[in-house]
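Read through the structure below, which is laid out as structure tokens, and then see the notes.
For clarity, chains are labelled A, B and C in written order, and residue numbers in each chain start from 1.
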Amino acid sequence: MSNEELENLFDSLWPLNRSLTGDSNRKTLKILSEKMPLEITEVDSGTKCFDWEVPSEWNVREAYISDSNGKRLIDFGNNNLHLVGYSICVDTVMNFDELDEQLHYIESHPDWIPYKTTYYKRDWGFCLSYNQYIGLDRNAKYHVVIDSTLDEHGSMTYGEVNIEGESDELILLSTYICHPSMANNELSGPLVTTLLYETLSQTKPFYSYKFLFIPETIGCIYYLSKHLAYLKKHIIAGLVVTTIGDDAPFNYKRSRRGDAAVDRAAELVLSQSSHQYYIHDFYPWGSDERQYCSPGVNLPVGSLMRSSYEVYQEYHTSADDKNFISFSAMQQSAMVYLNILELIQANRTYTNVLPYGEPQLGKRNLFPNADNNLKDVDLEAIMWILNLADGNNDLINIVSKSGLDYKQIVEMAILLQNRGLLK
Amino acid sequence: MSNEELENLFDSLWPLNRSLTGDSNRKTLKILSEKMPLEITEVDSGTKCFDWEVPSEWNVREAYISDSNGKRLIDFGNNNLHLVGYSICVDTVMNFDELDEQLHYIESHPDWIPYKTTYYKRDWGFCLSYNQYIGLDRNAKYHVVIDSTLDEHGSMTYGEVNIEGESDELILLSTYICHPSMANNELSGPLVTTLLYETLSQTKPFYSYKFLFIPETIGCIYYLSKHLAYLKKHIIAGLVVTTIGDDAPFNYKRSRRGDAAVDRAAELVLSQSSHQYYIHDFYPWGSDERQYCSPGVNLPVGSLMRSSYEVYQEYHTSADDKNFISFSAMQQSAMVYLNILELIQANRTYTNVLPYGEPQLGKRNLFPNADNNLKDVDLEAIMWILNLADGNNDLINIVSKSGLDYKQIVEMAILLQNRGLLK
Amino acid sequence: MSNEELENLFDSLWPLNRSLTGDSNRKTLKILSEKMPLEITEVDSGTKCFDWEVPSEWNVREAYISDSNGKRLIDFGNNNLHLVGYSICVDTVMNFDELDEQLHYIESHPDWIPYKTTYYKRDWGFCLSYNQYIGLDRNAKYHVVIDSTLDEHGSMTYGEVNIEGESDELILLSTYICHPSMANNELSGPLVTTLLYETLSQTKPFYSYKFLFIPETIGCIYYLSKHLAYLKKHIIAGLVVTTIGDDAPFNYKRSRRGDAAVDRAAELVLSQSSHQYYIHDFYPWGSDERQYCSPGVNLPVGSLMRSSYEVYQEYHTSADDKNFISFSAMQQSAMVYLNILELIQANRTYTNVLPYGEPQLGKRNLFPNADNNLKDVDLEAIMWILNLADGNNDLINIVSKSGLDYKQIVEMAILLQNRGLLK
């Protein structure tokens, strides 16, 4: 996708009132389905999964606070952040003091509307800017209307798509679709994931891919509960794609294992890139890596972010909007993801078939010369690979120990394999 | 005990001529028995233990050097450091040159009397200040009297007391009673150990405690020789309490294992305290940790000191006196010990009983709110514990990896256990 | 050998036109045989070894480029570097442009003759200084004569000598004899190795020694192919002796294992010496450690160098001559080698036979006193050894953990073994 196409996709997804469940989620997945053949699954409300239960389906027709003249002061129709997520149905008149208890605002950022939810407690509320809040007449009566449904016979919706590789070992790319109009968290996640699908689906990869577009936490927990044995058997690497849309330095959060292939690949690719970056050990809060890295699951899943959740002030507010992100930053983010995935795809634990002394490179035309276009650094890569390919070092380790560019090592490993020197 | 009570205890123990054996040791243990129900053991002189033998019992009635007028120039009655420990019985007249070979002094500290012993070689000697030494008439005759007994039918005396916990796994606190009038080395050791007993005996701990008051080296070796299998089976942590009475920074010396629970707990507690401290890898000299950490014993026993032996000039001299130590420093030292013991007592290797994804904290009222008085940092602690409680991390490791205050982790672990989330 | 004898040996070896094979190699080994009882082996050309084949034997009678007047402009008789190694037989007249394609020179060092070979490709060439090169008449005709033989019924020659120790476990010292007139690379290697033999053959070592004088790469590969199982079974340490003749700091290159006894011994000895030094992790280029450390061989063989190959500009040129090296530097290099070998020879994994508590040192006269000449640092060494001799730490580890001088530890370990305290 060009930046323009990406922006069009962003604009079509932006206004939808995504939440854990509901028609906006279905519509989101339908729009994304135009870019890839998503398989959509509906999970009945009330379905048990591990310690959790899929919630009732929530939909909103309209919601507002009006004054005694019927003038709408706060209207969900203007910004879906105005309504606390999973607010129950309300139609009542109350004075300011009663209303005040249901209002959320940010005094330090008087123009911003905060984002709040009440998923697992039956409640309701409105979010508004502090400027709006101080403009409310303390002595007036207010009409509060929330025309929402919480349907215990509804369902939760998610999408997935695979790319079949030569191997049934899997690389997982997981992102979430449960936040209304916010840009870095969350639209950058589905958008960059879509960019990745677009590029990767044009390849015939070695390892297969699975892309998940799920509601955060409950979606992930449901998916794990349904497919745990399969995922534990097949997933060799995974990444949670989130908060990846702005120009900030990259932040890679390691999997709980800490030294999984994805952890070593991400660190090497970032260290060999020109981007500024930080590496973080796993910590047990954040996005769905919390579930993938829970102690009984413990999959090799990390997360590559830019401005990571909770460290940018705009997080979970109306200020996390189109101005906060950039489409060229997302293209760049996708490129870093693709480089990491390229290295993981190339990763094998090779064995040198001529391990006793060095193979004679000259007679195999593997010494750099004018004929074979090999350079001195190619010879260095060849020697590192042949020396370390003892069945104990994967290619990522060889990159790391050699200090050479990963592309050099990958290219020469393929050459040596083609020449029958590696298996 | 208040500082005043502690000082009274100090004053009553100070004048006793403790050594490897003898009535002063019995009297020391008797005085300590007023504070705790010490079980006293007598071990016959000549008893073999590993490579050693319990020495004859030594007692001194009087000892002095007098001039030809009968005037006592150096008198054991003034300071029991004047007599070399384990000096044999002597009653003889000699000239200065003969006497000179039996005298010990410190030229660089002309006011201090050194402390010397001759435990395993039949010999005798006097220690005196350099000022006293230069005052001796080089041409005079001297009468030397040592009225001591070395009884091969005597015994060595030690004391021990236990606090029974829920588990028969043991925490060992070992200190020594074999030095005459010196304050930091050694009275600070028995005094702080008595403070620890006083506090800990008021609790019903999980792990049991054993407190040992033994002569250094031979007492420890005897005890190990008698109880080795039992100690190896039951001791999970131990500390040698020594040179812990002054205001110097704390010095923690690791056990030979280096990463035992006591080593990790001591380092964490010190790092989270406001005290200045140093951590030292095990080295094979010092106090009884040498025996506990000998290669065939190798118990998880470290040592927490302040001015550690041999690094302070006053060590093994008459200057290691009441002015060198302070009773409030000892109270503070005891507090640090108690904090370390608190963390060791709380240490378990928990398993999260809901390890697949996160447990739903909301429905368990484990999200911070006004009701449950939990704070955000409690939630952090909860998430770290649940994530790392996989049967491979003990609680001390979780403290270390989380970077949180150990009290936070301990408190939340107990909460989670009570809620049935950990086992 | 004195410096003078060493210089005489250097002078007699210098002019020989060593290569992979040939009479100059035989003569080199014959001269070295005057210093030690070398066993000489001839390996038929064409012999297969792993991925390689022993090349045809190369000998040169004469080689030159003359002008139309018969005046020799470039003459192998003046410097054997003028002829590219393994040049085929040529007798032809050509113009400058044709000749130019066969010439090698170094523009940046106009006085130096480079060193080139064409071992495995039938070709020929001349090396000359850039000054000589620019002096050649571009319009003249040249007579090129190379009177060489490449005999496929010839052989490759190498030498070896052993010193039998008490154990059949082996320490390998490997150097190479395949370069014509160059001083640091290579004559310093055979010369220092000869110094080592001279000293070590006067001892009755514990571990046996094997000294190899082989053509680089193909000689090593042949030797490994013939003796691999034996070498893998017996070699406990090895060093490749190369580029060890100048005053530069020492460079120790670790074996592929990285923590072999030789690696730890070399680093300790260097760190306790007054020499400047650098430690390098293994890398898969260099000299014959490439073969010893190939993945299927993986012997504990490192290399101690001074100005290592390829980092000094004079490498593989006529400027690597007698001025570049010094005989007293070689003596010093040999001394460092001997220190490392001394520590490896002393290395054992001892077990303390009295591991329960400390042995009573006093009754064994192991406390420092006037009688036994032991010093305080000896006692420290004794305590470290007794504490760590648990069957898991070799002596080199004990040196490392104690921080004491390795000679101290070695001496006290022997004392303790003699006293029956270690086995």
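As a working rule, a contact is a pair of C-beta atoms (placed from the backbone, for glycine too) under 8 Å apart; a residue touches a chain by one contact, two chains touch by 3 or more.
Computed from a predicted model, the values in this text were never measured in an experiment.
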Overlaying chain B on chain C by their Cα positions calls for a rotation, in degrees to the nearest 5, of 120
Quick one: compare the interface residues of chain A with those of chain C and tell me same or different, with half as the dividing line.
-> different
For chain A paired with chain C, centre-to-centre distance based on mean C-alpha positions, whole Å = 56
List, in ascending order, every residue of chain B touching at least 2 other chains.
-> none
In the complex, chain A touches chain C at residues 352, 354-360, 362-363, 380, 383-384, 386-390
Contacts from chain C onto chain A in the complex sit at residues 49-52, 120-121, 217, 220-221, 224-225, 228, 256, 283-285, 290-291, 293-298
